[in-house]
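Chain nomenclature is as follows: A, B and C, assigned in order of appearance, with residue numbering initiated at 1 for each chain independently.
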Amino acid sequence: MSATSDDRYAEYDGQWKRPTVFRSHTVKYAVYAVVLLFVAWNVWAVRLPLDRIVQGFGSAGVLVGNMFPPDFGVSIVVRTTEFGVPVPVGTNVSDGAVRLWDGMVETIAMSIVATVVGVIISIPIAVMAAENLVPKPVYIIGRTIVSVSRALHELVVGIIVVVGFGFGALAGVVALVWATPGFLAKLIAEDLEDIDPAQIDAIRSTGASPLQVMLFGVAPQVMPRLIGLTIYRWDINVRAATILGVVGAGGIGNVLVRSFDRYDYQYSLAIILAIIAVVLVGEAVSAIARRRVQ
Amino acid sequence: MATDIATRSGDWERFDRRKKLLRYFGLLGTLIVTLASWQALGVRYTYLETAPEMTFNLFQRMYPPDTAYAPEIVAPMIATVNIAVVGTMVAILMAIPVAYLGARNTTPNRYTYSLGKFLIVASRSVHVIIWALIFVILFGTGTLAGILSVAFRSIGFLAKLLSEEIEEIDETALEAIQATGAGRLETMMYGVVPQVKPAFIGISVYRWDINVREATIIGFVGAGGIGMELQTRINFFDWNGVLTILIAILLVVMFSELFSAYVRKKVR
Amino acid sequence: MLSVENLEKTYSSGDEALKGVSMEVSGNEVVAIIGPSGAGKSTFIRCINQLTEPTSGSIELDGVDLTGLSDGELRDQRRNMGMIFQEYGLVERLSVMENVLAGRLGYLSAWNAFRRDFPEEDVRHARATLDRVGLGGHDDNRADELSGGQRQRVGIARAVVQRPKILLVDEPTSSLDPETSRAVMQLLTEIAADEDIPVLINIHEVELALEYADRVVGLADGRLVFEGSPSDLDENARDTIYRATAESSSDPDGDAEGSNGTDPRMITESR
C-alpha cells in the first residue's frame, strides 16, 4: 500500500512550514534573535558573580538559623508550684512587642485613610480619563495623571515626601494616595467608556445639568464596580503600607528596617511573619467583602 | 389579585428598605473607621496648613531638571532594566517546576500540590523590599541582591498564573495525540506547549513590566538599580537631579508598559 | 481484523462498565455500537486502544494482543488505530495542517515534533486527506476558527493519515447538527471503502446507525445484547437494548437473560 500511496498523492505539494504569527519566517527568526541577544546582553551586563552566589546561599542557612525562632517579644511567665508543676501565670510584653503592635496599627490606619482619600481623588480623575465623557484636552490631562501615578512607585513618592516635608505616617498616606488613581481611575475610566449611552441620553433629554447627568445617568452604572475596586485597593494599600516605613514613611516597615540594622534577626522574622499574616488577612477580608457587595 | 400585587410591592419595599439601611450602616461604619484611623495617625495639623506651600516650594526647587547630570544616570537606569530582565528570567526558570507542582492536573500527589501552593503563597506574600533586605544581608549591596529579590518575588506570581493555565489544558486533545501512538515527550511538544505558550509569554512579559517598576525601588535598601542613585540625590537635597531621575524612570516605565501591552495583545 | 474476547472493565470507583464483551470486526465493514447512556460504549472503544486499561479479556489486532504491552509496544500498536472523538480532540491553538499531521507523531522524534519537521510524503498525504474531507485550502487556519463539522473533519483526517488498520469512532456526531452529522457519517463510510479498513462507531442516534452501518451492535449495561444487520433492528430489539438498563438498574440481575429468551434475534441466536 505504501508503494502506491506515493503515486496517489504525487500531485500534492510535499513542502510545508508551520504558519507563523509574524509576517514571515525571516521576521520570526529575526525577532527570536533580537530577544535572545537582548537577554544575553542583560545577563552579561550584570556579570553574575558565581562565587558570591554560592557563598551567599551557603550563608543563607546561618541567617535562617539566626532568625529562628521568631521573637515576638511576648513571653509567658511560668511559675512552678510547690508540687513541681509549671503553671502559666501571665504574659510578659517587651518593648519590641509594643513597637510591633503600634507599627501594625499605624500601617492599617494609613491604608484606610489613604484608601478613602485616594478614592475621592480618583473619581474626578476617572471622569477626566474617560474619552466619551470629556473634551479631548481634559482627556489627555486625565490620562497623563493616570500614567504618571502608575509609573512612579509609591516608595519613590514616599522617600521624596519624607525628605522634602519630613512627616512620617502622613508621608506614607500621601504616597499611597498618589498611587491610587493609577489603579482606580484607570479601571473606572475603562468602565465609564463602556457605559450605556442610551441611559445618559435619557437623563439628558429631561434637561438635566451635566452634574445631574453624572449623578443619575453615569454613577449608578459604575457604582458596584467602584465599591468592589475600592475594597480591592484597600487590600493593595495594606500591602504597600507594610513597607513604606523602609524609607521612613510610617508603618511597620520602619520597625523592620531598624531590626535588621541591629542584627536582631529573630525580631525581624517575627515582624515579617506578622506582615505576612496581616497581608493575608487583608486579602481574605477584601475577597469576602467584594463577594458580599457583588 | 389586587392583594397579590399589594403584598408583592410590600415585599419589595421591605427589601429596598433593608438594603438602604445596610448601605447607611456601611457608610457610617466606614466613616467611623476612617476617623479613628486618622486619629491613630496622630497627624499634626500645622503640617496640613503648610503643605500646599511646601509642595509648591519643592517643585520650584526641582525645576528645571539637571540636564548636565542626565548622562550619569544612564548606567544605573540600564542596570535597573538588567535587574528586571534577568530577575524575570530566573523567576521563569524557577516558576515552571513550581507551577507544575501547583497545578491540580499535573502535580504527582497531594503533598506536592500543597508544596507548590505553599511556595506560591510564600513568594507572593513577601514584598520585594523584604526580599531585598534579606538578600542584601546574604550577598551584599548591589545588582545580585536586586536580581534575586525581583526573582523570588516573581516566582509566585508567575507560577500561580501558569498553574491556572495548565489546569485549563484541554485533556481530550492530549488523549487524542496519545491515541495516535505519540510518546510522552512528543505529546508535551505537540499538545501541552502550544496550549500554554501564548499565555506563558503574556504572563512573563507582564511580570517583566511590573519588575521594571519594582527594580526602581529596591535600591532604597541597597539592592542596586536607579533607586540607590535616587536616594543619594535626595539625601543631598539635589532636587534638580531628583527630577531628572524621576523623568528617566517615567520614560522607561512607560515604555516597558507600552511594550508589554503590545506583546500581550499580539500573542494569543 | 480486530477480535475482542470477553472484555471486562471495572473502574476503580467500582463501576462495572463492561461485563464480558466479545466481538469481531474485519474487512471494511462499518459497525455501529448503540445503547443507552452509561452502557459502556465509550469504555469499550477506549479499551481497544488502551486509553483505558481493561480489567480482563483479550483484544487482538491482526493477531497481536494489545493487552499487557510495554509502553513502547503499545505506542507502536496505537499507530495502527485511528481514533475519532466526540469533542474532536484537536489542539485548538494549532493550525489545521499541524493537527492533521499529529497523526504521524508516532513516527517522529520529539525534536522533529517540536520543529514540525515531517517527511514530504506525510505532508502530501495530509494535503490529499484534507482535500478528501473537504477542507482543502484550510491548511493554515487555526483549529479554533473552524465550525464543529469542520473540526470533526480535521479529527477524521488526523486519523486517516495514520494509515490505520481500523478506525475507532466515539460518538462523532453528538456535538453536531443533524445535517452535519449525516455528512460526517457519509464521510466515514466512504473512508472505510476507500482505505479498505473496518470502522467501529459509537453512536446515540439509532436512525444514523441504521442508515450508514453494515452491522449494528447493541450494548446495554456492559453486555452485548444485540448483534445483527440494520434490518434486524426492529421495535422489539430496540426495546430490549434500551429497556435492559432501565430494568437492570432497578434490579441488577437476571433480566438480560429474560429478554434474550423472549426475542429470537437476540445475541444467543445470531451467534
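By definition in this document, contacts are C-beta pairs under 8 Å (C-beta built on N, C-alpha and C of every residue); 3 or more make two chains touch, one makes a residue touch a chain.
Here's who's who by UniProt: A, B = Phosphonate transport system permease protein; C = Phosphonate transport system ATP-binding protein.
Model, not experiment: these values are computed from the prediction.
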Neighbouring chains common to subunit A and subunit C, by label: B
Nearest-to-centre chain - CA centroid comparison: B
Per Cα centroids, the chain farthest from subunit B: C
Geometric centre distance via CA averages, subunit C-subunit A, whole Å: 52
Between subunit C and subunit B, distance of the C-alpha-averaged centres to the nearest whole Å: 49
Chain centre separation in whole Å, for subunit B relative to subunit A (CA means): 5
Shared-contact residues (touching 2 or more other chains) in subunit C: 98
Touching two or more other chains - residues of subunit B: none
Subunit A partner contacts - residues on subunit C that touch it in the complex: 95, 97-98, 101, 116, 118, 120-121, 123-128, 131, 139-140, 163
Subunit A-touching residues of subunit B, taken from the complex the two chains share: 30, 33-34, 36-38, 40-44, 47, 51, 54, 58, 78-79, 81-83, 85-86, 89, 121, 125-127, 129-130, 133-135, 137-140, 143-144, 147, 213-214, 216-217, 220-221, 227, 230-231, 234-235, 237, 239, 242, 246, 249-250, 253-254, 257, 266-267
Subunit B-facing residues of subunit C, complex: 49, 51, 75-83, 85, 87-94, 98, 102-106, 108-110, 113-114, 155, 158-159, 162
Subunit B-facing residues of subunit A, complex: 21, 38-39, 42-43, 45-46, 48-49, 52-53, 56-57, 59-60, 63, 105-106, 108-110, 112-113, 116, 147-148, 150-153, 155-156, 159-160, 163-165, 167, 169-170, 173, 239, 242-243, 246-247, 250, 253, 256-257, 260, 272, 275-276, 279-280
Contact footprint of subunit C on subunit A as seen in their complex: 1-2, 5-6, 8-10, 12-19
